[in-house]
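Note that the chains take the letters A, B, C and D in the order they are written out, and that residue 1 is the start of every chain.
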């Protein structure tokens, strides 16, 4: 493997990992943007999506659709997983976050943390403590791209992640609801004075953010081959870091943050002692926040309050 | 102060003993029933319960009770759980799983005079502390490392190896031992030593790095969840090396998750004797717990409980002194092979090399005899 | 100034509002006749802004009644009140700083479905405040203070309200811009919109308005025709600096 | 009213069905395991119906008087009013006699509770008094534990000699973490402290030469006590190592009492008031001449120092440390203690410490259900009593005002 192929391969690795982080980070950023709450349970929503994905996919495989209707199968798997988690997200918002909308930050944070523990253990009790294997519908074949190996699933996943991100950007900037969401995020009181039903907008945020997380969950399952009740945690920490690095509340920021965190991880593991990979990720995060406290693409504190 | 402490101690002991009497045998388990290793922890608990079911009633005892404890792989929780078991008057504890839980739990258990048999902890020093009542079912890290290096140099004849571990007590101890044996051996060069984070899913960066170095063998000292993901990614990246791993990956889940990617992976694990007892245990276990496959630690846990029960039956006793002597002085026929403990409490058991073939673990080579299986 | 005062669009009866334990409004009673400009003047902290926020439903009246076109609105949430036809240009302008001028105006028309009407009103706002048209793609946060004030008023106008509440439209602005804004207020009023204005700039407010109320520490202490208040000695002494 | 509630019930039931049935039904193979799924679903629906009944009954009663304090509040107020000697005396007596009547397991749980109370009190300085969110607090506990272990194992330092060094090291780490976060607020602080916590743990795990990495350190001596004896005609000092659990219990009890006294003093001191001023309004505090930078660093350092003490004791008690004892989840538990107890309230933290550590122990048999309940209770607590079990008197009003607003929001 020559050096250029090596670099190219690592770039592909980084892009792939970064896209997953970005997709999860979007959920954090959207929820944070609108109610200024770190949704600690987001990692569990992501895991729930992965579980529904494997349930649906196994079912469809059994009736033979994977062979006969491959594209439709994927469509159904992603659709159902995202729909399920959207419902779960709405329920979560209604039960655990809405009553605390005006309470102190800490109470809301702990409520979210409580839900995270609840969901994670609930999934452990229902889905078992061990890995659940994802049917390998994409196989192990890879495309040789100038010496770098890109698997079929990676191509599909990167494309889908890109489509989802563009779709979200379109929704938030071009549709009436999306604009109402941004307005609510910027100034809830004024948004209400303009007739925006903020309960509804917050509900929609809690559908879209977690649904994107669910999509990421299915992607992780499809590529890495397994899902387990506690897999959300490590993705949560990284995606959370990505969202803050990019400037929490900012959608392009979350994408950028995800790609950067993925990039740092891969680059460090590729060239330097891999044991210190996570130390580096967190150090970079702290340095960035120290130098630019609002994150890379975030607006400054004063601006956010207007 | 000393007097006061002694007074309190004697009072507490008096209270404790009050509950421990009666012709009852109590077996405690210590294993992670919550947290990331809950799968193996549950296997251990179920293995012990299966053994008690299989061998009850035990002659000379009215009743055998199993008390499951959750060590959560955490030192503080493990000592609390151990103390709880001691207070319930356990005679034998099967556990713990993580060395980081076994080590702190050893102190109160040994102090209280309880026989401890670990079904999972392989750190060498656990049996090197001079405890008389401590036994270990699986082979030690150094035994496993020795088998691995033997296999790679004698059977495979490879020259270079890259190590990956996830920096846990077990895995780091294992790679350290492999390094030692490889250096002693002189024919096996360690060309890279990488680390991953437990719980991570993406190992492509490290695997790509190793692909470039292109060692003959990549040794994965990780647990099953990481192992199954890593091998899949390695196949997708088209890494051209032999993959070898250890007993923590030797789990049916590995085959299920990794699927065709697992083909050709070598593993070290104890010999599986083709005995009727083992067959009977497997059938019973599958039926009782409604599962299709059995986790590897269930075998060790079953054997640990079996040894405890049979020893108690044989000596008709529950005190640690006599019980330990009985356990040590007898050769037992277990589902994980013959069980004979040396004076330190270790089994004279070596790993054999297994290979994944047609999505099955198949015995491949025996490092002691140097013969194919 | 010869409008029909008989039909009150808004009536407040003995409204009390609290912030925690601070009794901010101690029984406000006032009326806003349809088609008029009514102003509420008073010193800082008198409770003027609280009055407007209570009308909009952002702050809750603990006691008293608020009637809009004969309907009780004191228990409704802000979005319902907005839907009934009350718009507010809040104190400190509070535009959406990360949205463009265009988007800010669109948010004003959030509840409206008539695309053509929205387009027309947009044109109308642009004709009232031509500077906004020049900057319609700019982010709200980048506008100057005066421009932001215009945007806030424009946004409220886009709601096509029956009653427009204006909170301190002159705050922190240059005299020339203040004049421009008050001219516009009168222009808007001529189109048939009722305006309830809160101001510290008492002179400007009273010359523009039909009726004036004077507030002191949570109570209304004076009410009269605006022109009469301008002549009032006490008002002159306290608020007009004469 | 009833009609609306029934409509809500139907919607909730549909949601419940969508959420529960697939997740609990399809657990292994493709066949639907109806029994378990419908059992849990049934329980869920039953709870919803119960909730409805309670609501309907409540609606027929007169509305609760908002100005009248609720029962726990009244208890809290009472507790504040009773002369201290009457509450503290029996409490101390109970704590003092506890090891005499309890068995080893209970004492061990008691020790763990006290360790967490110490941690909670330390974190209370940072979160409760100064208002700085810290999600990596457990790192200082690790610093204390490792500094004692290393000093004891490598240089043979006794517990007493190592303790001040550990505390100073912890305080230095506190300042190192505190410094870059001075400019940050709220949630950024959360991720940065979380990151620091992870960094310290990873460093302990990776620095094999110093910390033995994932192997952990073992064989540390227990805390010693010295007392004089007259032997062979001369005065001699005898070293007695606290090995028994009751001995260790008394030891940590004394540490905890000292920390409680210390925190209480701090709370009422000028520094304490300045911290509260920072918490309430940092800009205003700064304008009125409070040296916020210095005080925030001091809060971090103090909090870290207390955690170090607890950590050193933990290492000495266990005779074993491992980086995996200091995971993020532990920080969350300490934070839960502070918030559940009532931010800034010392008695609240003590009670919450015991509830969070001891009660799950009681339910240890239920294993996973225990954590499930823990999560659910945490959320429920935050919703029905966001101010904590025993709110600090200052904080009480604030929480309730905000809740009223929330309730009035549109439905």
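Keep this in mind: contacts are C-beta pairs under 8 Å (C-beta built on N, C-alpha and C of every residue); 3 or more make two chains touch, one makes a residue touch a chain.
The structure displayed is predicted, hence computed values, not measured ones.
By number of C-beta pairs in contact, A-D leads over the other of A-D and B-D.
The chain with its CA mean position farthest from that of subunit B is C.
Look at where the CA atoms of subunit C average out and do the same for subunit D: the two points lie 49 Å apart. Taking each chain's centre as the average of its CA atoms, subunit B and subunit C sit 75 Å apart.
Per-chain Cα centroids separate subunit A from subunit D by 29 Å. Here the spacing of subunit B and subunit D, counted between their Cα centres, is 34 Å. Shared contact sites, meaning residues of subunit A that touch two or more other chains, fall at 121, 124, 128, 197, 275, 278.
Shared contact sites, meaning residues of subunit C that touch two or more other chains, fall at 77, 79. The set of subunit B residues that touch two or more partner chains comprises 34, 38, 167, 195. On subunit D, the positions that touch subunit B within their shared complex are 99-109, 112, 205-206, 208, 213-216, 218, 225, 227, 240, 242, 244-247, 314, 318-322, 324-325, 361, 364-365, 367-368, 370-371. Interface residues of subunit A facing subunit D in the complex, by the touch rule stated above, are 32, 36, 38, 48, 51-52, 55, 58-59, 62, 84, 87-88, 90-91, 95-96, 99-111, 113-128, 197, 199, 237, 240-241, 244, 248, 275-276, 278-279, 282-283, 285-286, 289-290, 293, 295, 301.
Contact residues of subunit A toward subunit B in the complex are 1, 6, 9-10, 13-14, 16-17, 121, 124, 128-131, 133-134, 136, 140, 142, 149, 151, 154, 220, 224-226, 228, 230-231, 233-235, 265-271, 273-275, 277-278. Considering their complex, residues 15, 18-19, 22-24, 26-30, 127, 133, 180, 183-188, 190-192, 194-196, 198-199, 202-203, 206, 328, 332, 335-336, 339-340, 343, 368-369, 371-372, 374-383, 386, 398-399, 402-403, 405-406, 409-410 of subunit D touch subunit A. The touching residues of subunit B, counted against subunit D in their complex, run 1-2, 5, 8-9, 11-12, 15-16, 33-34, 38, 68-70, 73-76, 79-81, 83-84, 86-87, 98, 100, 103-104, 107-108, 112, 123, 125, 167-169, 171-173, 195.
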